[in-house]
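See the structures that follow.
Two complexes come next, and they have one chain in common, chain A, joined by chain B in the first and chain C in the second.
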Partner chain A sequence: VTIHLSIVLFLPLAAALVGALLLPAPAMRWLVLAATVGVLAYVVVMLADFDSGSGGLQYVTDDEWISELGIRYQLGVDGLNLFLLALTAIAWVPCTLWSVFREHERPKLYFFMLALAETAVLGAFMAQDLALFVVFFDLMLVPFYFLIGGWGTGDRVRATTKFVIYTLAGSLLMLAAAVALGVLSTPEGGQISFSIAELTRRSTGTGTQEWIVLLFALAFFVKAPLFPLHGWIPETYRSTPLPVLALLSGVLSKVGVYGFLRIVLPTMPEGAQHWQELFIVVAVFSILYGSVLAFSQDNVRLVVAYSSIAQLGFITLGIFSFDDKGAQGAVIQMVNHGLVVVPLFLIIGVIAVRAKGSESLRELGGMAFRAPVLAALFLIVTLATLAMPGSPNFVGEILILFGTLEDKLVYGLVASAGVALAAVYMIRVYQRTMHNRVGPAVESRDLDRLDFVTIAPLVGVIVALGVYPQFVLHRSEDAVKDKVQVATRQSPGS
Partner chain B sequence: VSATSYGWLVLAFPLAGCIVVSLLWDRLPGRLSGWIASGAIFGAFLSSIGMFVKIQDRPEEAKSLVDTAWTYAATADFKVGLTILVDPLSVFMCLVVSGVSFLIHVYSVAYMTGDRGSSRYFAYLNYFVLSMLLLVLAGNFVILIIGWAFVGAASYLLISFWYRRSTATYAGIKAFVINVIGDVGLVIAAFLLLDKTGSLDYAGIFGAADNVFRVDDGTLVAACLLILLGAFAKSAQLPLHTWLPDAMEGPTPVSALIHAATMVTAGVYLIARMHPLFEMAPTAADISAVIGTATLLFAATVAVVTTDLKRIIAYSTISQIGYMVLGVSIAAYGPGMFHLMTHAFFKALLFMGAGSVIGAMSGLQSIDRMGGFRRAMPFTFVTFTIGALALSGFPFTAGFFSKDEILGFAIARGGGYVVLAVIGYAAAFLTAFYAFRMVFRVFFRNPVPEARELEHGHPAHHEPQNPATGEPEDPDVGFPGPEHVIAERSWPMKAAMAPLALLALLAGVLQVPGIDEAVDKFLEPTFADSRYADVHPSTGTEWIELGIGGLLALAAIALAYFIYIQRRELRLVIRERFDAVHSFLFHKWYFDELYDLLVTRPFAAMGRFGRNVVETDFVQGTIVGGATGVVRVGSSFARAIQTGYLRGYALLLALGVAALALYFLISSS
Partner chain C sequence: MSFAAVHAPVIDYKALSPLMATVGGSVVVMLAGLIRARVVQRALVPLLTAASLLACFGLLIWVWEPGRQEPIISGALTVDTLALGLSALFLVAGLVTILLSFRAEAVREAGAGEYYTLLLGSISGMLVLAAASNLITLFVGIELLSIPLYVLCATELRRETSLEAGLKYLVIGSVGSATLLYGLALVYGATGQTDFGAIASAIGSDNGIGITDPLLLTGVALAATGLAFKASVAPFHQWTPDVYQGAPTPITTFMAVATKAAAFAIFLRLFDHALVDSQLDWGPALAALATTTIVIGNVGAIPQRSLKRMLAWSSVAQAGYMLAGVVVGTRLGVQATCLYLAVYLLMNVAAFAVVVARERASEHGDDLASIENLGQAQPWLAWPMTIAMLSLAGFPATAGFIGKFYLIDASVSGDYTWLGIVIVVGSVVSLVYYLRVIAVMWMGRYEVELPTLPTLPRRHVKPVGGWSPEGDARAHPEVTLVAVLAATATILFGLWPNPLFDAARDIGTSLASLF
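Moving on to the complex of A and B:
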């Protein structure tokens, strides 16, 4: 039992609290930034120190929290969440850095919310107790509610309302599901427990599992989001401040699909099997629907928004292929999607500044003219987003496709059309922003040093993972295999 | 130094060149970036020679070497390393690719002088060559697919190099998307092969194929057809050819690079590389041969009526690739690869000549505007004519030996293949005709004003404009630079064209029937396992077949001379008489219109339907409306609860966090 994870988890929040109470606003931003860098440093050390030979949990923290309810303060890292923690740590640094150098109203509150969000997301990824997971999952909602409502653009009230209604509905469903799972899995005369390891050992009836899985799935699909539960997407994406949106789309969207692998598959394998076909259909439909819609959007943010629906569709498909390769692909794809979406949104911010705030493809164009460095970075991100072979995203997608084709040939073939469609909508965005005649609103100039320092390291990570994706696969393989095997194993009773 | 070490060097040089030029893009003066890039490719060429020498030293049965740098991705049965395969086929391809690419780089140094994006140009060019070399050296399917997709991306970048031209960016996207469709085909093919043979390495797949697959096994045929999807997308074979003529939007040396040494030949290489599979799936091989033949005829007919100089050569490329596809599909591996090589020489040469003429026309490309450049541009005239002779298969030029050997092999296979050979001969007649249609209309007859001025030493200068649409342009980044360069006034262009002209004339000596057949012999170890190794026309028959090809070429050149020089009014008479045929060919058999109707429009309509109907009515209307509707039912009561609940909820969570933090602080002390 170690204290490391707790330090990482509460570092941002602690820094924000200290800063908010003791420091003036300018100094507080720097403290929050330092905390995100500290988290990143800690995670980098963890990546190096991680024992890839073991599929089990490492750096475990396990204490009683609310013993009457069987809720434990239980944190741990294995191959499943290691890289999601890394993604969180990596994503928060540039998004905070981006914010540090821009003026905000009520800066203290803004940075407090940003830091609170990081703690919440890290907590959701680290939690090994279902109740703890639910707490952090819901806690994530709070800072984003404030960030969108307080610092959003356009019709932010409507956007926030929609975001809250949707995610709240999802959270309540999940809360109900979690409670139900905890209570119904408690054996006669036994002590209730929410520990995921304990829940995995206990078993509930197949019928019970089926409806509980459905509740979880609704919550996770809203969060991802997948078709047709994506109704909150257009308004929220239009209104959210870009660095916040980068985090929302790049990192938060992964918590739901991660929940499938961490909670649903191990604790309710039969329920998951029951809905496999339906979830695959939802995933495949999301891939196609998101791709087609992404192609027909005019607002750059919305192109990325709908492309995310397609990408999350791929990830869900990989998970419910119930295949080692597919699930492994899903895990690496969660990381990859975050790694491309964060720079994408930051680049959209850079573009908008050069186009009098416009994010409409009709008004953009020719940005590369005086901005070759911006064009080059954007190009790499674009190609990675459309999963060009050689990018880490390709490894994710090919594993997902291979995993799906193995048992579900037809779905795999339909999904592979999504790969081609991604090329269409992403290269269209690149062309309409960087190429063609210089747009009416566009004043092309290259990245300044700050934007370069914010975006270029992310591009560097993408390139590095493209050269050596085995870095991720090697460390996550055992844990992922473990989850899939639990899900596909027949229950002893049947 | 071993052969595989040279193999890594072949990749390292262009990679280093690309990185250096990219990072120092704004610090390299004048032509330096071009020379660095050329040097990098020359390094790759020398390393290829190193591979060649090393592999020649090895015994016949040990000429296939594999080397893995590191594990790329390995999980479950998906095990892939960054692996290269050095064998006679890949060495042959490396030599051709790096050699011709080097000359194209040298040509580009002069051609792109004054273009404000020249560093970016050479970075892309090096990246392109790197991709192609990676593709041919790949030792397993995943690395192949990576090289394959890199080539597609590089071609996208180079086709839309003048990125402020919307015609160029449109052409780039077209090429990219069609290539991605091919990539998807390869990915699924790789899955089928992995699923059945348990391996993604070539050696593993070919080794297991004999045991797992029956001849014409359904899965195997499916895999082969998917491989063909990839091959045809890249090699611009029917019906995936439409991107290639549009790819002429790129700078002319790019056309030479895409069309001569790299990219379009990738499909031919792939079929040759996969020959153990295709020989076990004769159905797929036959489909490939038929499509190759259909393509070579189709493209030749279109080339006869096209008026854009570069597009004529582009259709010629599609047609010539058709010959190669036919060759490797009917197991004529040696002749197919030999034609790939000679074609690389004469096609690069033709494009370079065309670039020089277009330079003299100050950017205009229509042959209707050209004429009489013979005296003004003697060097371009001679070299271009040599290229045209080789393309026509004029006796004893390089094309004469390579093209007709493929057809001879088809006849030797007998049966239906003879029909393919006859169509091949018919198209060969058309080939010689359109080749000399270009020569006669560009270089002969009365000089146009541009040619006359040039004879007096004044190069033409038109206001910069898009040659396709006539839109005005400026010479800054993203449009062609202000200078137009012709070979007569630029030594790097001459230095690139002269060796190619020699090779186009003389490369046939490598493969004279009955005398040396050096290419066949060199490649033999790769194709030793072929079931058709003993199918080969006798030397006598072969010479007869070559003779037929040569006579057809002579006749077609004579006909072109008659129509375009002697009886010029005939051209219009014929066009009017056969108006329907002319317009059918001029619209390129209406493929673009067909795709617009079948693919582009339905896709756009689906997008509109999704946006306007599904999103607004279903998702926003029914689902969101329903949710908000439920909330509205209780009106103020519900709203009060909702907002009140929210506030309480947030408070509760905040308290929870505080409690958690507190608890943690206490418990850990």
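Moving on to the complex of A and C:
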């Protein structure tokens, strides 16, 4: 039992609280930035120190929280969430840095919410108690509600309200489902428990599992989002400030799909098997639907938005292929997608500044000529997004497709169309912004030093992972296999 | 002739002492109120009232004894932990009301002595009601609590809506009381008993009557209807928005949190003690009532611009959530309802205190416009309101989340999983109006879509004090203090709810017949 994870978890929030109450606004934002860097440093040490040989949880924290409800303060890291924690830590640094050098109204509130969001997301990834997971999962919405509504553009209040109602509708149903799972799996005379490890040992009836899984899936699909539940996407993506959007799309969307691997598969294997076919269909639909819509959008943000739906479709497909390779691909793809989306949105911000605020493909173009560094970085990110061989995304998508093709050949084949479509819409975006005729309002200049420092390290991480994907695969292998085996153990076919 | 057969009942004065503190206090306060000196009216009377409530609180802790069930005064009252726990809520609500009323117009117009005496009288009624263990004390308690409230609603003598609220509450409250009384009479007729325990055994025994007995069934239904009036459970809630809006806001606060707790105290006693053996029969009916209440309350709150009306509708919805704890008829259900009542008190007090503060300082009264951009102007008011709204909506890290978690837990454990899902769906709908309040405070002036203004609030010229832009345009410190304290408690209990659970577990010991 260690205290390390608690330190990482509450570092941003503590810094923000101290800063908000004691420091003037300019000093406070530096303190928040320092905290995000601190989290990153801690996570890097954890990556180095991580014992990839043991499949179990490491750095476990386990304390009583609300004994009456059987809720424990239980945190832990294994191969499954190690890299998602790393993704969170990596993503928050540039987004905070980006914000530090730009003027905001009410800066204290802004940075407080940014820090609270980091704590909530880290908590959701670390939680090993179902109720604790639900707490952090819902808590994430509060800072994002304020960030979008307070500092967004356009019809921001409407957008943020829609976003919160959509996602909270899902997650409150998940709350009911989580309580039901805890109560119904309690053996006669036993003490109620929400610990995921304990829930994995206990079992509930197949019929119960089925509807509980469905409610969980609803929450996770809205959050991701996947095809029929993505109604909040266009307005939210249009209104959200870019650094916040980078976090929303890059990191937040992973919490849901991560929940499938962490909670649904181990605790309700029969329920997950029951809906496998349906969820695969949803995933494949999302891939096609997202890709096609991404191709037809004019606003650059929305291209990325719909491409995210497609990418999360891939991830979900990998998880529900119930195959070691597919699930591994899903985990690495979660990290990859986050790593490419964050610089993508920051680059969109850079581009918009050079086009007098326009994010419309029709008005952009010809930027590469005078901005070689920007163009080069953007190109690397673009190629990674469309899963060029040599990029980490290629590894992820190939693993997912291998996993799917083995058992679900037809779905795998249909899904591979998504890979081709990704090339189409991403290259379209790159051409329309960087090449072609110079847009009417475009005033091209290269990245200034600050933006370079913000964006380049992220691109560096993408390249590094592309060169050496084993770094992730090796460490996550055991944990992922473990989850998948639990899910397929009792399947009648195998 | 001999009177030897008549024994004076043995009175346990210790157990009775909290009640004596408030009843005695009300007499002292009334007498003190006769002195017209300014210092007495402004300071001494509220202080005496507070002292009486604090004394009651101290005695209550002294009497607190988990597991005690034997009634006192020939079975009239049972001072068990259920009664004492809820009494603590009434006392907190009373203290809050004193602070909020400290500079209220209502006190000046009605006279401090009268105002605070009525308040103490109403609290005494609640103490009786929470401890009532037979039908007679139940009715005495409910009348003692209601009659002072009818008057208190109308204490802003120069405001039409206040008088209207008083009258409306009187008429509808009387209908409710009459219905309740009729129901109680029929229950007595069917069972021949007034004592809850005796009623329970009359229904439970093999040769006794079943719940399907038409007389008993009618009686229970009428009694439930009467209680539903008091607890503003739909479809008997129609008075709630009007009365909440019209009454002086400190009194609205008191009604919203204390009256609701008192009504639920008796819901719990009647259904989960006297009638618990036939839970299978009345459970579905009450569950249907809870569902209706959740739907109507949440939908009704959406088009409201007036904060007080919005909170009134929200209190209807919240009553529906709490009814779920009664429906299941288990110890867990009782504990969940009591815990939610405590949580509900905290978050509503925070919200209402902000309304009080803004009403006094802003020309918009309790309209949503009065809190526009409050985040920038007065963060010490905006944060409590924000926390209250998040908590009412059930966001984690607030006490409201814990309360809802417990209620859902109780529903699922009591085989009413669907009711848990109804609670959750209701919470989703409630986001529409709770989040609007937050958006108005934090997200800019003209960004939020508001429902159209029905009629412009007319402000009558008030000769006695009232709003003046120069003198009064600030929140009074005691009101801000209440808001901040309640909001802090909401957060703290959201993070560390174990004290609440300990109290709830003690309260659960008081109804022995439950499992």
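The rule is short, and it goes like this: the second predicted complex is superposed on the first by the 490 of 494 C-alpha atoms of A that agree within 3 Å, B and C clash if a C-alpha of one lies under 4 Å from a C-alpha of the other, contacts with A are read in each partner's own complex, and residues count from 1 in each chain.
Quick note on the criterion: a contact is a pair of C-beta atoms (placed from the backbone, for glycine too) under 8 Å apart; a residue touches a chain by one contact, two chains touch by 3 or more.
Everything numeric in this text was worked out from a predicted model, so none of it was measured.
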item: Partner chain(s) touched by A:157 [first = chain B, second = chain C, both, neither]; value: second
item: First, second, both or neither for A:383, with chain B first and chain C second; value: first
item: First, second, both or neither for A:289, with chain B first and chain C second; value: first
item: First, second, both or neither for A:372, with chain B first and chain C second; value: first
item: Which superposed partner A:176 touches (first chain B, second chain C, both, neither); value: second
item: Chain B versus chain C as contact partner of A:165, first or second or both or neither; value: both
item: Chain B versus chain C, judged by how many residues of chain A each one touches; value: B
item: Contacts of A:462 with chain B and chain C, given as first, second, both or neither; value: neither
item: First (chain B), second (chain C), both or neither touched by A:228; value: first
item: Partner chain(s) touched by A:97 [first = chain B, second = chain C, both, neither]; value: neither
item: Touching both chain B and chain C, residues of chain A; value: 135, 138-139, 141-142, 145, 164-165, 168-169
item: Chain A to chain C touching residues, read off their complex; value: 66-69, 106, 109, 131, 134-136, 138-139, 141-142, 145-146, 149-150, 156-158, 160-161, 164-165, 168-169, 172-173, 175-176, 179-180, 182-184, 192
item: Chain A-facing residues of chain C, complex; value: 375-376, 390, 394-397, 401-402, 404-406, 408-409, 412-413, 417, 420-421, 423-425, 427-428, 431-432, 435-436, 438-439, 442-444, 447-449, 497-498, 501, 504-505
item: Chain A to chain B touching residues, read off their complex; value: 3, 6, 10, 13-14, 63, 65, 73, 116, 119, 135, 138-139, 141-142, 145, 162, 164-166, 168-169, 227-232, 234, 289, 292-293, 295-297, 323-325, 328, 366, 368-370, 372, 376, 379, 383, 386, 388-390, 394-395, 398-399, 401-402, 405-406, 412-413, 416-417, 419-420, 423-424, 427-428, 431, 434-438, 468-470, 473-474, 477, 481
item: Residue numbers on chain B that touch chain A, as the complex places them; value: 22, 25, 70-78, 120, 142, 145-146, 148-150, 153, 156-157, 160, 163-164, 166, 169, 172-173, 176-177, 180-181, 183-184, 187-188, 191, 194-195, 476-478, 603-604, 606-608, 610-611, 614-615, 618-620, 623-624, 627-628, 631, 646, 649-650, 653-654, 656-657, 660-661, 663-664, 667-668
